[in-house]
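Below is one structure; the comments refer to it alone.
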Amino acid sequence: MVFMQLFVNSLIIGSIYALVAAGFSLIYTTNKFLHIAHGVSIALGGYLLFLFFNLLGLPFAGACIIAIVLTSLIGLAMYQFVYLPLQKKKASTIILLIASLAILILVQNLIQLFFGANVKSIDYLKVREGISVFGAIITPLQIIIVLIALTLFVLLYLFMKKTTLGKNMRAVSDNKELASIIGIDYKKVAGASFLLGSMLAAVAGILIGMEQNIEPVMGTQLIIKGFTASIIGGIGSVAGVIPGAYILGFAENFGIWYLPSGYKDAIAFGLLFLFLLFRPQGLFGLKKGVKQ
Amino acid sequence: MIEIKNITKKFGGITALDNISFKIEKEKITAIIGPNGSGKSTLFHVISHLIEADRGEILLDGHEIQYLPDYWIASLGISRTFQEVRLFKNLTIAEHIEIAISKNDQSLFKSLFKKEISNNQYDNNNNNQNNNGSNNSKKIKEIIAFVGLEKPLNTIVTELSYGQRKLLDLAVAIAKPHQLLMLDEPVAGVNPALREKIKQVIRELQKKGETIIIIEHDMNFVMDLADYIFVMDYGELIAEGLPKEIQNNKKVLDAYLGN
Amino acid sequence: MIENYFIHLLIMIGIYIILTLSLNLALGYTGLINLAHIALFGIGAYTSTLLTNANVPFLLAFIIAGLFTSLFGYFLVFTTNKLKGDYLAMATLGFSFVVFSLMLNLTEITRGPLGIPGIKKPEFFGFIIESNYAYLIFVAIICILSILIITKIIKSPFGRLLQATRDDELGLRILGKNTFSLKCKALMISAFFAGIAGSLFAHYITFIDPTSFALNELILVLTLVIVGGIASIKGSIIAPFIIIFLTESLRFLPLPSSFVGPLREIIYALALLLILYFKPRGIFGKVDIA
């Protein structure tokens, strides 16, 4: 049944978008600037897995772990070696955003330099038969995608609510000056947000790499989707962006019920515009920081 | 000439303005005083339509203006300053006044075919003999001299001290054609000499018959300047009258001492 | 041979000067973080191409390309008016992606990823601009005219208002100026020049496809604006010469051709990062980005 299939597809891609958006939003709420280079973390997740698994022949699980760890560290490095130095020079958020764009292009082209511009496949778990659920076909990999995403969201929630670091992150995102007055080390918290956020992005990159394929521009495309999901959900709220991401997934898939499939992206960006126009705080977010 | 009617504004749980009504008379200096947080600046923002009131009307010469866009209200003749100095940090003193007094600069067409004023004219070393736009440059010099800003007209804002910026801020508001001048804490953070200077400027404006509303939380500054005083506390109008009456008003003293 | 290569470089520099200066008008002078400039460039290119392919006379197509693109300038300000700088940037980025996506998918019109080959050379008053040398003269004329017009706008009282909008929009509104209208006009003018630059590009290369207008190209123009100098006319004219000559010299290194493209982008990105760290106002700029 078409409806069920679209529903299932929405859940799958929504999970990917949610992973991207959650990390992006976590970084935004902690650091208060738009880390577009988050797309880098997505692409690196996929490509590092490809490097270690497909090219170097390491066992799959090991390759995944290395890819995720390395990507998280590179995410931290972006903070440490680009953003923090700029912030020390009192750079405005616009400058940080442009720097972020530069990093995105830089790494995207480095990837193209080393791996070539062609689309590549990871070929693991991909070609298995799907099972039929209520008239829709879903493959084991796709089920895993949704499950991993949901698990990570639960873990993220627990982290933010129960751990000291998570609480510190929320304190910093609420009021940076106050947080530092009560002794929270802002740089540590910021670094942690980049580690954690990039980790989520790496997982997204690995999953989408396995489900579809990897190409140098994958980061750029997905980060715009991630940003759209954040706007729909409400960028100030890490929890809020997750439903926003699923809504985006649904809008895209059901949208192409009526429109030719090539317009998927146009639907996403159209939604972005609509929300920025009429409800910039998103469905669940607070009115901070968007309007002048 | 300007009338506030039943203006109420709430922010979440806080009532910033509580059913405020009063009239401002022409050609007088009216002061609005009250402790910090009493809603004075919020009132100014509502009049300028930078904030939208929940209820109530603002009438300028009998016409309702509360729904008009902020820039429209300004162009109707309301000039104002803010608690914080608002200047264009990369522009020169002369450019600020030019913007304030220019009527046609928004039109691209008129702008392109009118002669430009170059900044070279305002160099102190260059006696201005150039008559292109001379009306403007004379006026600019007058206004800057009027507020007592002693700096070459081609100085950029970033090179000015806080006190000099305060003077420029004032000059811009005065330069802009207006029938009402609203000053929000015109001497906040200013040294005593400059305070006196600004007081003088306001006195001069009064002599010229200007209508001025001043917000201040320092009672002393307004006492010998104002013709009439309104006192606010917690968003309400708690007293009004001549300066002598206000000075001895128990409610007012209580409000300031925080009873 | 060498001469032809230089002529090619100069033509591209001319086109980039128009792009850089017009982006600086929006970004440096008016404070609008418009990351959709390359999309506008592309809209101009496709519009001019489609019109001339439909036998519309070149000069008319050229002007219409500019005018049509400027409508999108209005659209961008209109939709993003209430957004703060960062969000404006992301919204314009999103817009670029929509445009890119439409270029790829409106295949009946744009032929999608295949692109449109065989674009006609400019023809007016009986002349056809065939040789590269003639095209260089054409581009040079348009470039100089553009510089003169944009400079005049910037130095006029109107231009002064644009800078005031950048420095304190609220402060300017309090002086009775309609900043929404000012921003619309600024971005429409900026978009117009991006559009005609697009037309110049299309009719020179005689082939366009969506990849010419992807995010990569934005980095080059952004780098040119920022390196040259925020709100500096001089900077926007000089930067294209410096950067394009520098990166073109890459061609002479013994590298496989598939390397040159990405390497160039990497250099632009690095240059951008370096200038943002060491001299964020740019070489000739005297103003911070918004």
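For clarity, chains are labelled A, B and C in written order, and residue numbers in each chain start from 1.
The working rule: contacts are C-beta pairs under 8 Å (C-beta built on N, C-alpha and C of every residue); 3 or more make two chains touch, one makes a residue touch a chain.
Given the structure is predicted, the values throughout are model-derived calculations rather than measurements.
In terms of which chains touch, the assembly is arranged as an unbranched chain of neighbours.
Comparing chain pairs A-C and B-C by the number of C-beta pairs in contact, the larger count belongs to A-C. Remark: subunit A and subunit B have CA centroids separated by 48 Å (rounded to whole angstrom). Our note on geometry: subunit A versus subunit C, Cα centroid distance of 30 Å, whole angstroms. Averaged C-alpha coordinates put the centre of subunit B at 41 Å from the centre of subunit C.
Those residues of subunit A in touch with two or more other chains do not exist in this structure. Contacts with at least two other chains are made by no residue of subunit B.
Within subunit C, the positions touching two or more other chains are listed as 170. Those residues of subunit C whose C-beta lies close enough to touch subunit A in the complex are 33, 35, 79-80, 82-87, 89-91, 93-95, 97-98, 101-102, 104-105, 107, 169-170, 214-216, 218-219, 222, 226, 258-259, 261-263, 265-266, 268-270, 272-273, 276-277, 280, 288-290.
Contacts from subunit C toward subunit B in the complex involve residues 152-153, 155-161, 163-164, 166-168, 170-179, 181-182, 185, 231, 286-287. Chain contact summary for the complex, subunit A toward subunit C: residues 33-34, 36, 82, 85-86, 89, 91-95, 97-99, 101-106, 108-110, 112-113, 116-117, 217, 220-221, 224, 227-228, 260, 262-263, 265-266, 269-270, 272-273, 276-277, 280, 289-292. Residues 48, 50, 69-72, 74-75, 80, 82, 86-91, 95, 98-100, 102, 104-108, 111-112, 114, 116-117, 172, 176 of subunit B are the ones that touch subunit C when the two sit in their complex.
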